[in-house]
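Structure, as structure tokens:
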Amino acid sequence: MSTILEVNGLKKYFPIRDGALSKVQGYVKAVDDVSFSVREGETLGIVGESGCGKSTTGRAILRLTEPTDGKVIFQGQSLTELKKDQLRKIRRDLQIVFQDPFASLNPRMTIGSILEEPLKIHGMSNGQERKQKVKELLEIVGLTEHHIGNYPHQFSGGQRQRIGIARALITKPKLIVADEPVSALDVSIQSQILNLMKDLQEQFGLTYLFISHDLSVVRHISDRVGVMYLGRMVELAPKEKLYADPQHPYTQALLSAVPYPNPREKRERVILTGDVPSPANPPSGCAFHTRCPACMEICKTERPQTKEVSPGHFVACHL
Amino acid sequence: AVGCSSQSSGTDAGTGNNSAPKTGGTLSISLDADPPKLDPAFSTALVDRMVFQSIYDKLVDVNENGEVVPMLAEKWDVSPDQKSYTFTLREGVKFHDGTDFNAEAVKFSLERGMDKASNRKNELNDIEKITVVDAKTIKIELKQPFAPFLSILSDRAGMIVSPEAVKKYGDEFLNHPVGTGPFVYKERQKGSSITLEKNPNYWQKGLPYLDSVTYKIMNDANVALMNLKSGQVDITNKFPYKEIENVKNDPKISVVNEPGQGYQGIHLNTSKAPFDNKELRRAVDLMIDRDAIVKVVLSGAGSAAHSPFSKSHFAYGDSDKVEQPNVEKAKELLKKAGKENGFSFTLKLGTSPTNQQVGQMIQNMLKPAGITVNLEKVEFGTMLEQSKTGNFEAVSLGWSGRPDPDQNIYDFATKGGSNNYAQYYNPEMDRVLKEARQEGDQAKRKAGYDAAMKILNDETPYVYLYHDHNVFGVSKSVQGFTYYPDGLIRTANISKN
Amino acid sequence: MNNLLEIKGLQTHFVSDRRVNPAVDGVDLAVRKGETLGIVGESGCGKSATSLTVMRLLPKTGVRIAGGTIHYKEQDLLKLSEAEMRKVRGNEIAMIFQEPMTSLNPVYTIGQQLCEMVTLHWGYSKAQARDHAIQMLKKVNIPRAEKIMDEYPHQLSGGMRQRVMIAMAMSCEPELLIADEPTTALDVTIQAQILDLMRELKEKQGTSIMLITHDLGVVAEMCDRVVVMYAGQVVEEADVYTLFDSPAHPYTQGLMRSIPKVDADQRRLDSIPGNVPLPGSVASGCRFASRCPHVESRCTQQMPPLFQLEGGQRSRCWLQEEAALKEVTA
Amino acid sequence: MRFLVRRLLLAVPVILLVTIMVFSLLHLLPGDPATVILGQEATPEAIDAMREELGLNQPIVMQYLKWLGGVLQGDLGRSLVDHSPVSELIWQRLPATLELTIGTFVVALLIAIPAGILSATRPNSWIDYTSTFFALGGMSVPHFWLGMMFIVFFAVKLGWLPASGYVPFTENPLANITAMIMPVLATGLRESAILMRMLRSSLLEVMHADYIRTAYAKGHKESFVIFRHALKNALVPVVTTSGLIVAGLLGGLVITESIFSIPGFGKLIVESIYNRDFVTVQGAILVCALMVVVVNLLVDILYAVIDPRIKVGKEAEQ
Amino acid sequence: MSQTVIDSQQPAQTAAQAESQWRLFFRRFAKNKLAIVGALIFCALLATAIFAPLIATHDIYEQDYNSVLAKPGNGHLFGTDDLGRDVFSRLVYGARLTLQVAIISVGIAVLIGVPIGLITGYYRGVWDEWVVMRVVDAMQAFPSLILALAMAAALGGGFYNAMVAIGIGFLPSFIRITRAQVMTVRNLEFVQAAKAIGASDWRIMFRHVLPNSMAPLLVQITLAMASAIIAEAGLSYLGLGAKPEDPSWGSMLHIAQGYLNIEPLLAVWPGLAIFLVVLGFNLLGDGIREVLDPKLKR
């Protein structure tokens, strides 16, 4: 399996301003030096708590927000260096599915035109063919051609998410960044969508970068999983390894915090104290040291390097 | 006998004028505009003169009949060649600031008016030299005979200001006016009111009767009338025409409705099409039903005009005869001008309701002859500039009028005249008018003006519409109000019950 | 009977556009003294509507309580006057809402909002109220309680705010706490803290809790008994072990199977096909019929009653007809 | 304090822009001051002399810079018409307008707050419908027409109030108040309508907020919830609107001022435009802009007082 | 980690039942009685304007000096004006001018203001912050009536120039509203999605951002139309505005003011007409706002 996407030292700092005209007061370090690679055909899951920079990572890769620093290499091309026009062309191969099935569809467009739009933009096929393609795709994601003339508000959340997936699929992309595609859905619907995504992956040989805060969902769908904390990737490993043998104290705490749907299994839990610090003012050294049950002196001053503790298992911790 | 329009005679508006005038009290006069400049040398607005009557005295005044009478000058001699005037001044007169009124002050005031920055310069242009003979005698020599001279001195040009005060206040004099008049300037609230107080040392013994006079600015005549009715105001300087009938029997208000000296009309630009053609100008003139305008717009408070001279001018007469509208004749004229199918022109007019009514009526009246009028409302400043630069086809702009006929025609009809917006030029006209202003004899002058009007009514650079009346609303508690043909309210003799 | 709260046949209908939305359509449930009752169900199945009906906090217009009773202790809450109800609210029954971010008034300090409760219900003076409030903040493990009193909600993190909400709800020592998805808006690590705290408080004070959630994991950890709702109705009720060991209703079964497990790999998830029907759109029969793998003809015609099964379990499914004990609730 | 200074500094470019706009606009007006000031009978020579004297022959940029230089030294210049200092003219005219503005605003608040609260707390009740209808009606009446009707009714027909004529408060308080009743009502009704609508919608929105539900859940009475918990939160948009209203009134009362013959600020500007008294217009508009800046500043400070989330200095983008 | 569970039970309707946004909008609108009244007034205005020649009873330019200021009756439904013209007919034709006022001035503001707001709001940056918004600030610091007045005088009076002046006066508010709206919408996910599929900025702005920013604009448009009518009346009242012979309601008021004591009815008719029409627009705008405002949904 070859590497399809390589992210190297990605950073995204949002300036904090005090009022529209005043000087920059500081930066929200939403993504702070994140590196990883995605292999063709696999699913890389990224988990982490709210505000840790998962979405920003996804968007910066697609250059939906301009990364502050770092390199993103997609199929050998450096996305970060592309001009606007070239970038627009390459977007056929690089798609995104959003979390909010309500906000991610233009409420003033019919499903048909939403799905046709990418084809139009990329000048793919003529009107007749486009209609045909849209129909085919709707069937693939489990809707029917009756839906073509309807507006998004006439669909349920699950159906909308199917439409979002269809839109991402219609240009036959290689990589899809899925930013919490099922978080907004009910459990019973969530499983439908997860199944659909798995099916599509097999059918079209897709690669997913799957972002979620739900450890069980990520486990279910991913081949490898990266854990983010405060804009940094603290651990990255094949999922079996990560779930069975988490190395980073944060990953351990995270896993133990997930409530198990089994009343008989009352486990020993690591309950973290305190809140996630603000990315505008991250702690020095290891960002996790303020909540870490195994904090050492060095953690407070020095940012830990990412080490490969076993083949394919990377951890950024001084332990 | 209130509100009648007896010709050129003063009308007592008060009731019970037999009883002795009461002293004391405050008189409120509403003015339709805020007087911009209380300095006669720089005054530009008609309304200034209302206030001036109380503050400043003039060398000479006009009486109820429009005749020149002594004021600060007790008497005067005119040299036989009509070029030299010697005035004997009243003694013991003091300015409000306590300084003495004398020949020096007269010389100072007149020369001030002759300064190039002064707005009186044009009126005093003909003065060659002013000599102080002694404290009570002053001699003015003219470049050439100038018949309107005394009339001019009865107005702003003849008002005497305190030289001391001018020196003291300089540019600001207009906000600290000092004259010899019956009332002393006290204060003003710009846009709202001007307050004057009795001049205790006024040279006319026993006058004024009132303790103070307040001019209140009320732009809207209706509003002024309401205030008159409710007693907040004693005299209004404008009266809503339509209301004249309604207050006929009002127990508290009387209306003074007298011919003024001014007129309304339309300048036709003779320097460009379509009105470079005399026939077309005549056709327009011919189609207008002036009586209708007087009736509808003025509710009768005016008279049809065909000359710049109103009934209060000695030059008034046959020249003011109005023709009845005549479509056939107008069409003939159009045909002669090669415009059988009519033509159209743009008439610029001011923004007041009266302007608009007149404009619409004219538009309507010209229609039968196939003349289309496009009305264009223009804000006054713009209109003035466009008129002066000849940027118009027709513009409706009247004249407030002056006592001497010359002041109502000369600058309007002679080449280069400051009011000759129509850019009319006829050497014969220039000659006739020049003669008339140099002629001392009134009968001869009138003949001159008749001749001028003959030409003017034939060539029609200006369409005279009507002479508007000065209409005052006067509370019946006011006594001693006398109408003067210059339309200005003289407060010295007024008293209030 | 040791039921603190007993809801019988509750029907709360939303009326809009002349359309009636029977959001709560015959709910029966009871909360016993000292227990934690979980209510689970998909979005829109009427969980919140039920709890708001109990609190009588529904909007004044557009709502009709079409039937049912809510017995709290000896009285029917639905029959209380507004003034009587106010004495119950906050004092005897308290409520925590899902969104800690928006449930606190942004323009008043935490202290001001906390003190209101005891001054209102217990007539405390300012100083007493303040002391009490600080006490409460300490109870919910808020560090620097005194300082937090004078801070505004926006200065606190989500977890802190939810603690404040809990402190507020607990400050009049209510007998029943209704928690409507109290942790849904929070991160897992914070959720763990809050759940821990709630358990602790419950143990200390013996408060009964009605915990509304859609997360079966939370249910498993927190609850003694569980009520499963579907489309405005209770479809299953059981103690928590029974529910996870042998769910009776096909919907519950499907729900259990469709959750991805964090500790096991599954190739494929089972899923319940289709969508929840629009409230009021199922004219007759079982509301789950259109998605049910065991559907029979009877299901679409006749609404199953809530069959009483062994061990206090109840299920609204014809499949359980045989297994049902004699007493059947309609 | 630093914030105040910075806000004022930020206003500088805006005010400069305003002055540039006024300056250019005035010079676009046909009819130059000399012609207009001298009037109908003026000779071309007199006009030229006047232009020279007024400095109108200089390049326009020079004129502007000269004027600006004066302003920076605190000198607004002298009126082209009557040579009195512009600052004096403005001082004379401001009291009436300020009185009118404050009166209008007070009337507006007195009507809007109770009406807004009533209709927001009883949405879709007859109270709501009635006040909505009257509010929208109030917004729709041209206030000059209302002024005219007032005059017809209260002054002419009933004779209760003076038709017009402003008397300074210091001179005769009673006369001042009777003279101000009609103009203040005529404009106040309209503004109250706007404020009432604003308060209604923002209160309605707030009443649906979670924290209101929380307040009810605590067992509070409705009135307590409304007055303590809802009102303060609903005020931010109301304050914004109030700011806009007050700023608008300061220069925008021209018509009211002319109907009721009130020697106000708006009238000063309009008269000066008509008289081509450029210096006065520039000065007056400058003051107007400054007042708007001050009002906006007050609004910002009020925001911060009302809502602790808003730090003074954060630009409130609408 | 906002795992807001969103209502997923909305029905999947078939195409046959498909209800467009607009239909939904109208359905909700139809329930707002006041808004319906507004719409009816607007339709009445429209009908009056279109069918003016059929409705009017007299030639509106025909002057009759023998019956000026006649009271209602005698073949003149509302009486006659200062020049003896039929007031009713003039009011009827005035609807045309009023409609033009509303459409032209607001049209100008929309055509200029919306693109500016759209572009600056979309791109932000120096231009937006330091040029456009400062100019907008400056314009707003300028008393609007005075701005209109000065511009009407500068442009040289006349109806259409008054329109332009009023329209320009509305610019700042349109720029601001569009901009604010665009700044919200451009961060919505569907805009991100459009970007992600490679849509050009232009396409995003006009196809995605603009249509979704229309709601408050629509409200603003109706409300601005209401103010435009009042502003024109105000300008006419001050003597600027429509041609004297044209029956603009504002200039009818201007003339009527001179006859307040004698014939107050003359001021009542055009005043009422303005009031009704403006009320119509305001009711309409308010209704649209209520319908569109998701926060007020109950």
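We just call them A, B, C, D and E in the order they show up, numbering each chain from 1.
Keep this in mind: contacts are C-beta pairs under 8 Å (C-beta built on N, C-alpha and C of every residue); 3 or more make two chains touch, one makes a residue touch a chain.
Just so it is clear, the structure is predicted and the values come from calculations on it, not from any experiment.
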Chains contacting each of chain B and chain E, listed by label: D
Remotest chain, chain B as reference, centres from CA atoms: C
Between chain C and chain D, centroid-to-centroid distance (C-alpha), Å: 53
Chain centre separation (chain B, chain C; CA means) in Å: 90
Separation of mean Cα positions, chain E and chain C [Å, integer]: 49
Chain D residues counted as touching two or more neighbouring chains: 29-30, 123, 151, 156, 258, 317
Touching two or more other chains - residue numbers and ranges from chain E: 1-12, 153, 156, 238, 257, 260-261, 298
Touching two or more other chains - residue numbers and ranges from chain A: 20-21, 49-50, 156, 158-159, 186, 189, 213
Of chain A, residues touching chain E in the complex: 20-21, 49-50, 59, 62, 64, 87-89, 91-92, 94-96, 98-108, 117-118, 121-122, 146-151, 153-159, 164, 167, 171, 183-186, 189, 213-214
Of chain C, residues touching chain A in the complex: 42-43, 157-160, 187-193, 195-196, 214-221, 223, 240-241, 244, 254-256, 258-263, 265-266, 268-273, 275-276
In the complex with chain B, residue positions of chain D that touch it: 29-32, 35-47, 49-50, 53, 78, 81-84, 89, 92-93, 96, 151, 155-156, 159, 162-166, 168, 258-259, 261, 263-264, 267-268, 271, 274-276
Chain C partner contacts - residues on chain A that touch it in the complex: 49-50, 156, 158-159, 186-192, 194-195, 198, 213, 215-217, 219-220, 240, 243, 253-264, 266, 269, 271-273, 275-276
Chain D-touching residues of chain B, taken from the complex the two chains share: 34, 36-37, 44-45, 116-117, 119, 121-122, 171-172, 174-175, 189-192, 216-220, 223, 226-227, 230, 232, 379-386, 388, 397, 399, 411, 418-419
